[in-house]
Amino acid sequence: MAAGGPLLTVRDLRSYLSTRHGVVRAVDGVSFTLGEAEVLGIVGESGSGKSATCRSIVGLMPASTAHVSGEVIYHPHGGRNILTARQPELQALRGAQLAMIFQDSMTALNPVLTVGDQLLEAVNAHASLTRAQARSQAIGLLERVGIPAPARRMRDYPFQFSGGMLQRAVIAIALASSPRLLLADEPTTSLDVIIQDQILSLLLELQEDTGMSMILVSHDLAVISEVCDRIIVMYAGQVVEEGRAADVITHPAHPYTQALLDALPQAGERGLLRSIPGSPPSLIDVPDGCRFAERCPHVLGKCRTWDTELLETSGLTGTSGLTGSGGRIETGGPGQLARCWRHDEVRRPQA
Amino acid sequence: MSTMWAATPSEQLMRMATRAAGRRRSATRRRLPLYIGLAMLVLAVAAAVLAPVLVSQSPTTIDVLHPLAPPLTPGHALGTDQFGRDVLARILYGARIDLAIAFGATIVTLVGGTIIGLVAGYLGGRIDSVLMRLVDLFFAFPFLVLIIAIVAMLGPSILNMFVAIWITSWVAYARIMRAQAVVAKRQQYVLAARALGYGRLRIMFRHILPNTASAVIIFSMVDAVGNIILAASLGFLGLGAQPPSPEWGTMISEGQNYLLTSWWLATMPGLAVVFVGIAFSLVGDGLADLLRTGER
Amino acid sequence: MSRFSSLPQRCGHLVIVLFGITLVTFFLLRLLPGNPAVAILGTSYTPARAAAIDNTLGLNRPIWSQYGLFLGHLFQGNLGFSFFYGQPATTVIVQHIAPTVFLVIYSAVLAALISFPIGFAAGLRRGGVIDQSSRILFTVSFAMPGFWLGIILLLVFSVHLHAFPISGFGGGFAQHLYYLFLPALTIALGFSTVLVRSLRAATIATLQAEFVDTARMKGIRWRRVLRRHVFRNAILAVVAVFGVNLAYLISGTVLVENVFSLPGLGSLLVNSVADRDYPVVQGVTLLFAVLIVAINLLADIVQAALDPRVGQEAGA
């Protein structure tokens, strides 16, 4: 997983949705940089803005209700902000450069077209191929994602596939034009545990083979920590912590990350699962101050009135923080950031 | 980075999104259809009730000296028909008939169909399957054809038209209410009521009905539009109200004979139907919006 | 292919429904308090004559045996004898089928032509100009009696503009198209209300489906996404609605035929009611019900042809 230069820079991304009940601040000032061949995990509860972040990046937010601002720079595309790109420009980027797979594999494919048709559509989107070429390429893709008897399964309709097989087909579609960045929005959430592992390892394997970058969105910190180089933790539309996967897992610097980690079931440990008390704030009437204050065990008076930026945590990282740090800085990722006044007190080694 | 009076990106975006949300929302604006519809309905009912006050002519007085006077003739704002009867007076008095049908036919079938659907859905079993087969059968017939067939047997008259509508229209309510009751049966509040030992009747009418009635009530507005049109249609076909009754459909039917010379005879009563129809539609839409958001 | 495998079962269901239809038409017309003999004889009523009529109609037998007789005759295509026309009711009805069938199909086609573009456009640009104006337009047309709309069209296009004939069916296909344009348009405009509403809703729902996002992320043209992924699925949802709303189409036909004096089943039905020609009323009612059931079956077949999932879900 050698990291090269930056591939994608997101700056102050905001995505506000106009609804009946008011304006929902789904994404509220998200910034990060993704390096070449890097795997970035975005973790958070449902409704924290993970999916909206991904959708905003590729321009899939509903045009009529979503208002998106900020900058998304895809570096191979020459430093232009793709949020303001026009439809043909986006169309050229999608598939060929940026691909995305979605949460629910059962609804990710058109029910009335065969899997083969839909895959061929992706194969032909950015290349002029003969029928035979396209077909053999499509079969090759299905084979690559581990679908048995690919030539026969081309003729099948989505409902004839199992959930895991469907997600494999969806991945094949995403990879059809060899994109350099794959956004995977909860790709395993709708699947059985065993299938989840298979799909995750398939994604990782493909990522390593092709050297593409990947953003993996999940609500499951265990999944994220297993496969990602770096982690972004989101809460109520904002990034609350960012850092190397190992650092964040072992030394969480934001109370929310800590709570998430505490809520993970520990193998071999009996007893009550710890959950986070309270619920996330409404994204319509966003409270002043830190958005986690209401649920935070470390809360101070000022937390309720003043929010803070992402603060760099002081370098009391152990040896783990040093390995490969040269690559880290190059990708634009600073050591470890947390949106918390008391990050240094909070930060402690995780048992 | 930002000067003092320049808005931050967040504020800018918030302003844009709020404006869009405002366009989408605004409680008064959303309730506007309901208010307009209610106002139109009140107006129609008032016109029907106050007809003798509003126009001096009777709807049936024949004036052989002034037949087929065009609209805006002094004393006849909407003109007169082939017998010299005042069209405005006939429309206002006709409102009594057509509104009575809209309310009468709708309320009876609403109540009847709802009770049948509620009982079938809640009790289930054989009663349910027999009733629902019956409902399916009724749905196989074109509604109007079935009504015509029934009116044919009973003989054309307003009362028989009511009977025909009552016989056929309850099925839609029964189907809607049954679906609601089947769902409600498994919900916590019903299970709780059963655990408390309440009787079936009490559970059905005190617990399920108030919680699920919105669907049938919304539908009843659509149905009222249908019944107004149906009444006019039957009148038009000569199977409902009979001339010289100023029922709107009957008037349209008579007016069609004078289409070549006197366009207003068929046009005006139709506009009255459309007016009342729109009123019920708007109320229905408004109620749907109101009750649905209320549920959430 | 196997997706049509559920059709035999559906046909079985159909037979049961048809049986039920005969039950309803028969008993409805027999059990209601009208007396055909009284109705037929009118002022020339005498008990002896009534008894004679009861005898010829089989009305003096037990009701179940009357039903058996009715069914038996029905299987032979015999709907009874029309006193008014002096012919078997079946013959009379067959003579009136053509204009009605033509009109129903014509209106359905026109309705599709009108509502597909509007429904899609309204769904794609929710709250846009087309959406808003079509909503107002269709609120009005929903509240409009079909027969009155027909009269207005007649008034404008035939009486004043002389663009279309006032009545009649014409001879030959091209003339049918011309003569039936206004009647078909009348029905189609009314029917479009329902179609546009459901197409709009289906388009909106389909646009939110994840497979549309998958398709968009392939980097293909938006038009192609719409055509292959959005419209295809939206239409599918509407085919189901189509069957449910057929009754509307048929009711519209009955009224509009009377407005434009078309020699179809609707006119026949209404005239026969006025003439107290019960065998014909019964036969037409029956035929309309069968027509609805048959077209519903057709809609199912179309749906099966368009949707690979049909008939598979139950087994899966």
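Read from first to last, the chains carry the letters A, B and C; within each, the first residue is number 1.
The rule we apply is simple: contacts are C-beta pairs under 8 Å (C-beta built on N, C-alpha and C of every residue); 3 or more make two chains touch, one makes a residue touch a chain.
The structure displayed is predicted, hence computed values, not measured ones.
Among the other chains, A has the CA centre that is most remote from the centre of subunit B. By count of C-beta pairs in contact, B-C exceeds the other of the chain pairs B-C and A-B. Here the spacing of subunit A and subunit B, counted between their Cα centres, is 51 Å.
Averaged C-alpha coordinates put the centre of subunit B at 22 Å from the centre of subunit C. Residue numbers of subunit C whose C-beta contacts span two or more other chains: 127.
Within subunit B, residues 23-24 each touch two or more of the remaining chains.
Within the complex, the subunit B residues that touch subunit A are 9-10, 12-14, 16-18, 20-21, 23-25, 293.
Within the complex formed with subunit C, the residues of subunit B that make contact are 23-24, 133, 136-146, 148-156, 225, 229, 232-233, 236-239, 249, 252, 256, 259-260, 263, 266-267, 270, 273-274, 276-278, 280-282, 285.
For subunit A in complex with subunit C, the touching residues are 55, 58, 60, 62, 64, 87, 91-96, 98-104, 107-114, 118, 121-122, 125-126, 157, 159-160, 170, 173-174, 176-177.
Residue ranges on subunit C touching subunit B, taken from their complex, read 17, 20-21, 23-25, 28-29, 32-34, 39, 127, 139-140, 142-148, 151-152, 154-155, 159, 246-247, 250-251, 254-255, 258-259, 269-270, 272-274, 276, 278, 281-282, 284-285, 288-289, 292-293. By the touch criterion stated above, subunit A contacts subunit B in their complex at residues 12, 14, 16-23, 25, 28-29, 65, 67, 69-70.
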